[in-house]
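Reading through the structure tokens given below for one structure.
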Amino acid sequence: EKKPFVVGMLLVGPYNDRGWSQAHYDAGLYLERKLPDAKMLYLDKVNPADRPGLTLPQLVDDLVAKGARLIIANSDDMTDGAREAAKQHPEVTFIHVSGDDVLTGKAPLNLGNIMGRMEYGKMMAGFVAALTTKTGKIGYLGPLINEETRRLAASCYLGAAYGWEKVRKRPLSELKFKVSWIGFWFNIPGVTADPTQVANRFFDSGHDVVVSGIDTTEALVVAMQKRRAGRQVWAIPYDYEGACEGADEVCLGVPYFNWGPAYLQTARAVKDGGWKQAWEWNGPDWKDINNHDTSAVGFLVGPALSRAANEELARFTRGLATGKINLFRGPLFYQDGSIFLKEGETATDQQVWYMKQLLKGMEGASSPK
Amino acid sequence: MRIEFQDIHKYYGRVRANAGISLVLEPGRIYGLLGENGAGKTTLMRMLAGHTQPSRGRILFDGESVGRLSPSRALGMGVGMLYQDPQDFPALTVWENFRLGGRRRDKRNAIQRLQELGDRFHFRLPPEERATELTVGERQQLDLLRLLDLGANVLILDEPTTGISVTQKETLFAAMNQLAKDQGRTIIFVTHKLAEAEELCQEILVLRQGRLAGQLLPPFRSDELVDLMFGSESGAGGEAGPKLQPNKNPFLSLEHAQLVGEKYALSNASLSIRPGEIVGLAGLEGNGQELLLRSLAGLTRVAKGRIIMGGEQLQGLPYVRFRQAGIHFFPAARLEEGLFPDLSLVEHFQLAFPTARGNPVERLSEEGIRRFRIHAQPFASARTLSGGNQQRLLLALIPKQIKLLLLEHPTRGLDQGAGKLVWHHLAERCRQDTSLIFSSADLEEIKTHSHRILVFYNRRLVADRPSQSISVEEMGRLMAGQATAA
Amino acid sequence: MDFLALTLAGILSAGAPIVLATLGETLTERAGVINLSLDGTILLAAMTGFVLALLSGNPWLGLLASTAVGATSAAAVALLGLALARSQLAVGFILTLLCRDLAYFLGHNYARQLGPELPVWSIPGIRDLPFVGPALGYQSPVVYLSLLLTFFLWWWLFSTRAGLELRAVGEQPWAAFTRGIRVQRLRITYTLLGGALVGMAGGAFSLAVKPGWGRPQGAEGAGWIALAIVIFGGWHPLRAALGAYLFAALQVLGIHLQELFPMLPASLFQVAPFPVMILTLLLVNVGTANWFRDLTLRYPGLKKWLNRWQVTAPAALGRDFRPEKEA
Amino acid sequence: MFSKTSLATSLGRLVAALVLALVLTTLIVLIAGAPPLQTLAILVVGGLGSAAKLAQAAAVWIPLVLCSSALLLTFAAGLWNIGIEGQIILGAVFATGFLRPFPDGGSFLLVMGALMAGMIGGALWALAAGLLRTWGRVHEIFGGLGLNFVALGLTLWLIFGPWKRPGIASMSGTEPLHPTLWLEALGGSSLSPVSLLLALTVFLLVAFVLSSTQWGLRLKAVGQNQDAALLFGLNPQVRILEAMVGCGALAGLAGALQVVGVYHRLLPAISSNYGYTALLVAMLASFRSQIVPVLCFFFAVLNVGSIQLPLQLKLDSSLAGVIQGVLVLSFFLVQGFEERFRVLRRTE
């Protein structure tokens, strides 16, 4: 019998969280389907609150002992652990998702980074939010504050601003875009702010669309509750293609990751011995952003999105695809008024990746206190 | 209702609280139940009220056995009991206390009834006040009204007159007479106060050491009662202690002290003690002697006045300072207060004599065990000792060099021989100028061993006399409030 | 205005499970029993309620199951802590850990699934009123239940015969026994009833306030907070409910406060109930300390001042009662 | 609380409890739809199966033994030191705080200093609970519990506030310590021989102190009967504080070792619930210090082995905690029934 090609996966949240971790888990299943001798071994809830007393290298030891040759760590919190483990197991290939060790040069040779260009997904989310809102107030349920989360929130804002100004033809000053950070990727009682409460607060203070930037579905759940209490509100979840399910009345759509193609490619390369360390930042397949075999990020339109808005979204997407619309083009200012992009300047990948602050026009903290 | 006790026995572990009591109570009469502390009065009554079950024997109501008596069943039979320590609910209001376990009534109704009854006895009980705010006497009144309201056929009053005034007492007695005579109820009146019993009762029952010692009809004679209650033969009598050496000056004095205990206070107590002196405290439990002992030991607070020992003022200082000054306290509750149930004898010796280490401790323990004739292995735990042996262990643990030894019931539970042994040791200590203050329920013991005797009654010191000038009978009368100090 | 009403609605909703748990524990402790297991029990009940609702499609069945789980956990306290006279605190503590882990273990595969929720009721007369309408008109049944129960228990505890007996048992079980009250039976009954309410709190979480199951569910820590609030509430249903709503307000408003005062750490609002609990306990108990008594002898004013703050625990709280042992 | 019984009796009870717990666990596993035998086998093999696993179990054993030993002190004095979690955390906080001024590392003396600092931190936190108990009459369970949450809040504030890593504040904790400040671990594991030695020493020391010193005897006396202890001049209030402080110091040491030996930083969940687990151990041991290391090892194996459940059976790891809890409850059940029957027999 042939020995399977074991892929170890360390998920920060539950494998069935209908969010970030499940997107990775599903990609693992995709990998098993496409690469017949691949076998996924996963461990979920790898975070200090759920698995106190365990360190990432210990878990990696376990996976390696079970034959893993490729190990994927899916949280930015695993940076140090992944690096340490990679050093201890040079014969195994490591992918640290959302990290930038390769970029900074801290990564050992067997550690690569993969991330999806979710900026586009968030732009679309912001765009539909702006087209849908009646109050002109959009809430963004943010996780913790770092470069990644700042750039995603900013992208969402840029999409919203575009929709508000260019499509709805309203002055930008009338659009309120507020970011609230809970402190982590998901709720940890007693540690983070409670996302249910934050979402409630958004809706109760007149925000009628809440865009989720966290790994779990509280925004959607709360929106559903408000609906049942007779309020006109919407929400946009995040991460996982199936996130809208069961929330038809309120879900405007979901920007999601499709990790399958990248994992498949990496696994093949590792198996054939042709893997090269890289920092990959994969964009959507503009021909069909919802193609499971090619597109790294997508946006699945939700049932609650109006037909008109849907058509506008298609136009917007085409604009992004052709490059006619580039929202990261100057002039853009940081929240404190300093210049992010000069008039006519287009942001480099690095500038976007290392987003230093929220943008002017957004409400909310730019950096941890 | 006619009540018959048939050969009632009640054991608490190894304590025989009641030992074969047979007795008939007829309706329409007032019975007095007398006996020294621990004679078993309360225990007997509690069995009647269904609060506890006899270990052996049965209680018949109108000739019929009703099976296992529970409080609710006893209440159903019409037996109501008023406890010597009020069994009530301090945190609840007066009317709630009144209603609890009583008849179904709404609040207004309950308050109205309470006031009606209260007016009849001139008890003034504010219905909305919490019971904590009441005095012990008022709480007893409240409980009494509750029982009257219940319409008990058999009314047990366990020392109901400790907290009420003379006029209230008269009202109460009148009511009791009325209840018994006009309504044919049985009333059992437990008391230590001979005069009250003599005044009120148609029959007096005397318990002594768990047995029925006598059943008297009027006219009652106080000396006979005292004799029956306290006995004339002595448990731990024997040889008298060493003579008090004259011309030694007092080394300890208590000056106009107000002593505050958990339940009551003792005011204006003054006392001085000479080296080698033995002072016996006579009095029924709860009359002040235990408070005096504990205050001198530094275990309860002294609100006013001073305790002076060797020129140093001790009041207000923590207990350890009293210990350092050479005072040692010997508690009555051996296992509860004096010993560590799961530690071995050796460990007790080690704790009591910390300077001795290693092997010497074992030698010390063996010596102690031998000298005090403790029947136990050195490594047995204190819990497994018999009561008497626990007592002896406690004695063996008294440090060598002390100036004042305060003992609660030093020979309680000891047989005669052991009692003699204890007093032999204590006398030895007195010869070395240790002073002794002890309480005892055995008046003969007090008389035999003390140089001086203090008698307590009603939370007051009623007599302070040299031992020669007071007889056992007089002590008994004083304790029962029969005479005033000459 | 609307915002205020909606915030109030949010507080009522967030507070509902805490109120239920607090009322349940108040009931139990009034009978003289401490059920320390709240934090775990709530989770186990939340999980069971959600899973049963999911499997049956009926959220009411789920709520019933939660209630049953709460009573079952309380039954363990009753068996070990009352019938077998183990330390109630120890048993409760172990149950806390055990129930929590059991919830995570058995609920593993049901995490983050969309399941049925209790409906939102809109109350005809109320929903159209200004202010009151948005605050109170559209709420989950558990919110209405928690409000009703608060007043019901208040009335019941202080104005009925059964309530009087309950308090009596928690104050002086021996005295209650002598008055023909069946102490042990009442204690067990109220332990179970209180536990049932605690279980219902779990259901209120997973079927209404924070619908769904997961690790974390979001109800973690709520049990400890409820225990603290019972003390803060002085074992009185109204005060306890008030405490629970205060806590909910702290949670809801904490989000605002945090934005207004970014230097305040987020965890401050999560931790706040506990120092309050310690302080309350200090006020409750310090009166019995010897040094304090000496102090009040000297400064009688102190005692009066303290009395104003003081609540008293049921006198027999956590104590074993067995007539055969005899107090 | 517990009464002292012979070693044989407590072992007998333990075995009976183990059997009962096994039956209950099997039931629970069946409810979860998993094969009970295989599940238990995986648990045990997962914790014992290889040298690496053994090293992991030993690494868990260290804080457990430290905390259980610490709790022996407070249990001896009749105290329920639930606050031990907070004391571990404060130990970790103090140790981290002590090492923060040395981002470029330093000598082993600094590590020793951090351990000392950790002990002080834990001791102070325990002292707070102790004073609340002796001065304020606040039961140590509630005082300790409250302080646990305060300690948790404190670490979170530090990690997300003043001690956050430059630019980010995250659950992954503070900036890692300089490697020269790490306790050396056995190749590839997080098992540090120094910690192991320390834990063993502490356990032996506590066992010795409790069984053979005057102070230990005094603690036990206070735990048995405070009234008598007062009469014996043992100063029970002071003894209680001493027991708390001693326990806190050892818990703090455990916390400090987690920082310098295992995580090399301050984490939000640095105590890993070891304090609570140790409480279970101490209850099971009911004062018998001899069986503490064995029980700790058993619990550590369960903890380590439990990680195999999600990997191999798609079960949640919390089964380990379930087994531990069920075991202690079973123990109580056995003990309670036994005493019940003894009372019945006596009254007949």
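Points worth noting:
Order of writing sets the chain letters: A, B, C and D. Residues in each chain are counted from 1.
Here is the rule we use: a residue touches a chain if its C-beta (ideal position, glycine included) is under 8 Å from a C-beta of that chain, and two chains touch if they have at least 3 such contacts.
Small disclaimer: the values here were computed from a predicted structure and weren't measured.
Centrality by Cα centroid goes to chain C. With centres taken as mean Cα positions, subunit C sits 38 Å from subunit A. The distance from the centre of subunit B to the centre of subunit C, with each centre set as the mean of the Cα atoms, comes to 44 Å. Chain geometry summary: the mean Cα position of subunit C and that of subunit D are 28 Å apart.
Put simply, the C-alpha centre of subunit A and that of subunit B have 79 angstrom between them. Annotation for subunit C: residues 109, 215, 221, 265-267, 270-271 touch two or more other chains. Annotation for subunit B: no residues touch two or more other chains. Among all residues of subunit A, those that touch two or more other chains are 45, 49, 183, 188, 190-191, 369.
In this structure, the chains touch in the following pairs: A-C, A-D, B-C, B-D, C-D.
Taken together, the subunit A residues at the contact with subunit D in this complex read 41-45, 47-49, 51-55, 57-59, 61-62, 65-66, 76-81, 88, 144-147, 183-184, 188, 190-191, 367-369.
Taken in their complex, subunit B has these residues touching subunit C: 12, 49, 51-52, 70-72, 74-75, 81, 83, 87-92, 96, 99-102, 104, 107, 301, 303, 316.
Put simply, subunit C touches subunit B in their complex at residues 159, 161, 164-165, 167-168, 171-172, 174-182, 290, 293-294, 297, 312, 314-315, 323, 326. For subunit A in complex with subunit C, the residues that touch the partner chain are 14, 16-19, 22, 45, 49-50, 180, 183, 186-194, 196-198, 200-201, 203-206, 216-217, 221, 224-225, 228-230, 245-247, 365, 369. Those residues of subunit B that touch subunit D in the shared complex are 299, 319-320, 323, 329, 331, 336-343, 347, 350-352, 354, 357, 381.
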